[in-house]
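For clarity, chains are labelled A, B and C in written order, and residue numbers in each chain start from 1.
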Amino acid sequence: MTAISLRARSGAVVRTRRRGTRQWAGRVGWTVLGWVVAIAFFLPVLWMIITAFKPEAAAETWPPQFTFSPTWSEFSSAFATIGPFLTHSAVATVGSTILVLLLAIPAAYALSVYPVRRWRDGLFFFISTKMLPIVAAIGPLYVIALRTHLLDTIWLLIILYTAMNLPLAIWMIRSFMLEVPNELLEAARLDGAGRIREMGSVILPVVLPGVVSTGLICVIFAWNELFLAINLTTTNASTVPMFLVGGISTEGLFIAHLSAAATIASVPVIVVGWIAQRSLVRGLAMGAIK
Amino acid sequence: MAVLDGVAAPARAARIRPRGASLRERWLRRLPLLPALIYVIVVTQAPFVVTVWYSFQNYFWSIPKPARFTGLSNYSTVFTDPAFRGSLLRSVIMTASAVIIAMILGVLLAVLLDRKFFGRGVARTLIITPFLVMPAAAALIWAHPMLDANYGLVNYLLAPFGVNHVAWLSAQPLLSVIAVMIWQWTPFMTLIVLAGLQSQPPDTLEAARVDGASAFDTFRELTIPHLRPYIELGILLGSIYLVNTFDAVRLMTNGGPGTATTNLPFFLYQKVDYAYDIGGAAAAGVVTVVLTIIVATFALRMFARVFRFEEARG
Amino acid sequence: MANVKYVSATRVFAKDTPPALDALDLDIHDGEFMVLVGPSGSGKTTALRVLAGLEPMDSGRVEIGDHDVTEVPPKDRDIAMVFQNYALYPQKTVAENMGFALKMHGVPREERDRRVREAARLLELDDQLLSRKPRQLSGGQRQRVAMGRAIVREPKVFLMDEPLSNLDAKLRVQTRSQIAELQRRLGITTVYVTHDQVEAMTMGNRVAVLSDGKLQQCDTPRQLYDNPVNQFVAGFIGSPAMNLRTAPLTDGGVSVAGKVLQLAVPIRNAAATAGLSELVIGMRPEHLHLAEGAGELTGQVVLIEELGADALLHVRLPEGGIPIVARAEGRQPPTPGREVSLHIRPEDVFAFHPETGARLAG
């Protein structure tokens, strides 16, 4: 009635190798496809970076050159003038993102942890402001900005970018807060945490990754924003996108110079996005779905 | 007395309502919401109110005369202006095709990235890059180093297929702009759908294997229904952003040739920046807002599931 | 309807780790209800998944109905599986869930519906439930739908992976007997995995006890209880568990707390032949009787667990260690703190090798 197990070694190696080959071939197929697609998507960015290192003469050739002697010259000429634009962009981006988070975190808390009776309407209201195209109000916005002496100031950009990103930030942070288990909050309440303390010491640490990824998305949208900048700023608050638009003449040879400027403009956000990729993916997809 | 009490008591008990939160408690709960709410109302609704006011004015920035009330004349201009209707139509075409194609590609790419393969992490990093590139930079890069008739990379890559120095921006302006929109937003769709794929409970997939479903069957019967809310969210969010596309139009074709790629944002921009017609732009803007509300109400009713507001706890 | 055979089935998850399933040899008869039981990590779920084809095998083979199915994909093995968390398709109705496999095999609509309704009736699922989605059902209803999905297939083998573990205690006991009865009616070979030895003992025709990927013993429940083949099986089967203690050998038996506990002659001979100086002895609680004064084990009662019909006495021996558990009549159990004396007949004492755990003179 008992079973005696004898180990049989001979079959093991053959089996694994046979199965392994089939699996391996499938993997190779997907790898090739995956990399072809990835390179196809990345190619324009790669081309931009390559072209940025070309001397102008080498950039406008047929066929396009893949080998050339790289130079920093286009970068240095771009850097010479891009300084103030970078500063303005940095201030506007960081400033508006901080303001967004300061406003969004309490709002998301109110909409998630405690039931506000018309919370559904509140959330919908925020989202609806995003649906109305900002372009519709650009004329009157210009006039208002002029009359309030905010035209061509960083403050105007900070104010507007905050309004632009706030709905999405509230939605995302709220979704992250909903994931905090009830038990955690109840335990904190039992331990005597008041409302603010509850939020600060209990919820915030748990949703911090979500807050970070929300902040990153706000940074991306604010840094890249063109329409408002181009209409409401000229010199004192002009941002990097405007440098690209206004600062590059399209007369004569310009492709390498353009590529260098575009690279400088895009690299900060690309690098940030790459580093925080996991957080970004989580925030974008998970935070928005619940 | 006892009998009367017995009769009265149940009725009184039935009328007792459960004690809700006190008034102070309720206001305290709303408090954290107020700063954001007030901020948004002031910053977005105030300009909108001003827009509506200006829409009834005759106000040209270039003419030194102050604004003059002009009734509905701006609105009648808007409705009779073929340029407005054209830009509306083009907005719809550009947004719809970009969103749909980006979502289809997004699903395919998500399926691809869901499989394990060598260097998958790096591949994913490369694929999400277009979303991170500054739209202005993307527009300029595509316009010149990529699509240039004489020096462009695209012509070079397509030459073996018989494509001969095509001037994309003038010959196929709409296609070029839409291509850039798709290039930039496919990663967004991919990430959302990928999150959906990865949230599928693995044991239902195993159950399907045991039940005899092929990979294709499983995808059609289980995965696509599971992905539906994710796809709907992607389409909704993507549409919101794509309908406002400005950078690519301004920097690649400047709305042209002629008005071939003029969409609504660009049309309004031209009204303000070139015609200096504040009144006209305001009226067009109001009409746009009204149309958006109508479309959004339809869309939300269809995509009601997206707003899966969980019951807030408390 | 078919028999199932594991021949030297081995599964290793990662290189250089001990196998999750170590050369399992098991014969399951046609129509039998075989329970695989063991603690977590014992390999029972792996064994089931290997039979299902959800995990590949690294060596050995598995046969269904005398056909080698080792390389055959799950859908062609003619098996049906009930998953621990039910794995119901969330966007499909109950009827669609149950009919899914038939649809995948090309069974026409009317026959699908007929079989689904039959299975629903068998499981006492109301007609109105058929059009609901899984999230609208209770846990017990979901469990029955999962079973229905398997029954509808009329497969050669049923595989069940701890299907009762997510139910509350009362429902579990109820459903246990329902499953056992269902299997008797349908007569389909069933392989059932559980960590709960009570489930194993009450449901199985035979029970296979696994530990660390190896089969310890495969026998009827009664045989497992009366004749465990090693210390692991003896300690695992039976509730409350058998009392196990290491004790040095002495004249006539072993020495426990200063007294001599007599052992049967065959055991003493086996111990002498093996040259042992100590043994692990096992005593079932129901074999320990209260003896007025002259018992082999004396100690203090530290805890009494009242079960109604009888009571469990936890008796701590003077030498310390884990208290011995003995079963006593429920009517007049001794009070805690009292000194009691327990007697056990030598032929009721089990003895195991202190290193290998094998039963001596079984």
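Throughout what follows, contacts are C-beta pairs under 8 Å (C-beta built on N, C-alpha and C of every residue); 3 or more make two chains touch, one makes a residue touch a chain.
This is a predicted model, so every value here is computed, not measured.
Have a look and report which chain pair racks up the highest count of C-beta pairs in contact.
A-B
Measuring between mean CA coordinates, which chain is farthest from chain A?
Chain C.
Round to the nearest whole Å and give the separation of the Cα centres of chain A and chain B.
16
If you average the CA atoms of chain B and of chain C, how far apart do the two points sit, in angstrom?
So the centroids are 56 Å from each other.
Give, as an integer number of Å, the spacing between the C-alpha centres of chain C and chain A.
The mean C-alpha positions of chain A and chain C differ by 53 Å.
Which residues of chain A touch chain B in their complex?
27, 30-31, 33-35, 37-39, 41-45, 47-48, 51, 59-64, 102-104, 106-107, 109-117, 119-120, 122-126, 128-144, 159-160, 162-163, 166-167, 170, 178, 182, 195, 220, 223-224, 226-227, 230-231, 240-241, 244-245, 248, 250, 254-255, 258-259, 261-263, 265-266, 269-270, 273-274, 277, 280-282, 284-286, 288-290
Can you check the complex and tell me which residues of chain B touch chain C?
201, 203-204, 206-214, 217, 221-222, 225-226
Quick check on the complex: what are the chain C residues that touch chain B?
Going by the criterion above, the answer is residues 52-54, 73-76, 79-81, 83-85, 87-92, 100-101, 104-105, 149, 153.
Taking the touch rule as given, give the residues of chain B at its contact with chain A in the complex, in rising order.
26, 28-33, 35-37, 39-40, 43-44, 46-48, 50-51, 53-54, 109, 112-113, 115-120, 122-138, 140-142, 144-146, 148, 150-153, 156, 183, 186-188, 191-192, 194-196, 229-230, 233, 237, 240, 243-244, 246-247, 250-251, 264-265, 268-269, 271-273, 277-278, 281-282, 284-286, 288-289, 292-293, 296, 307-314
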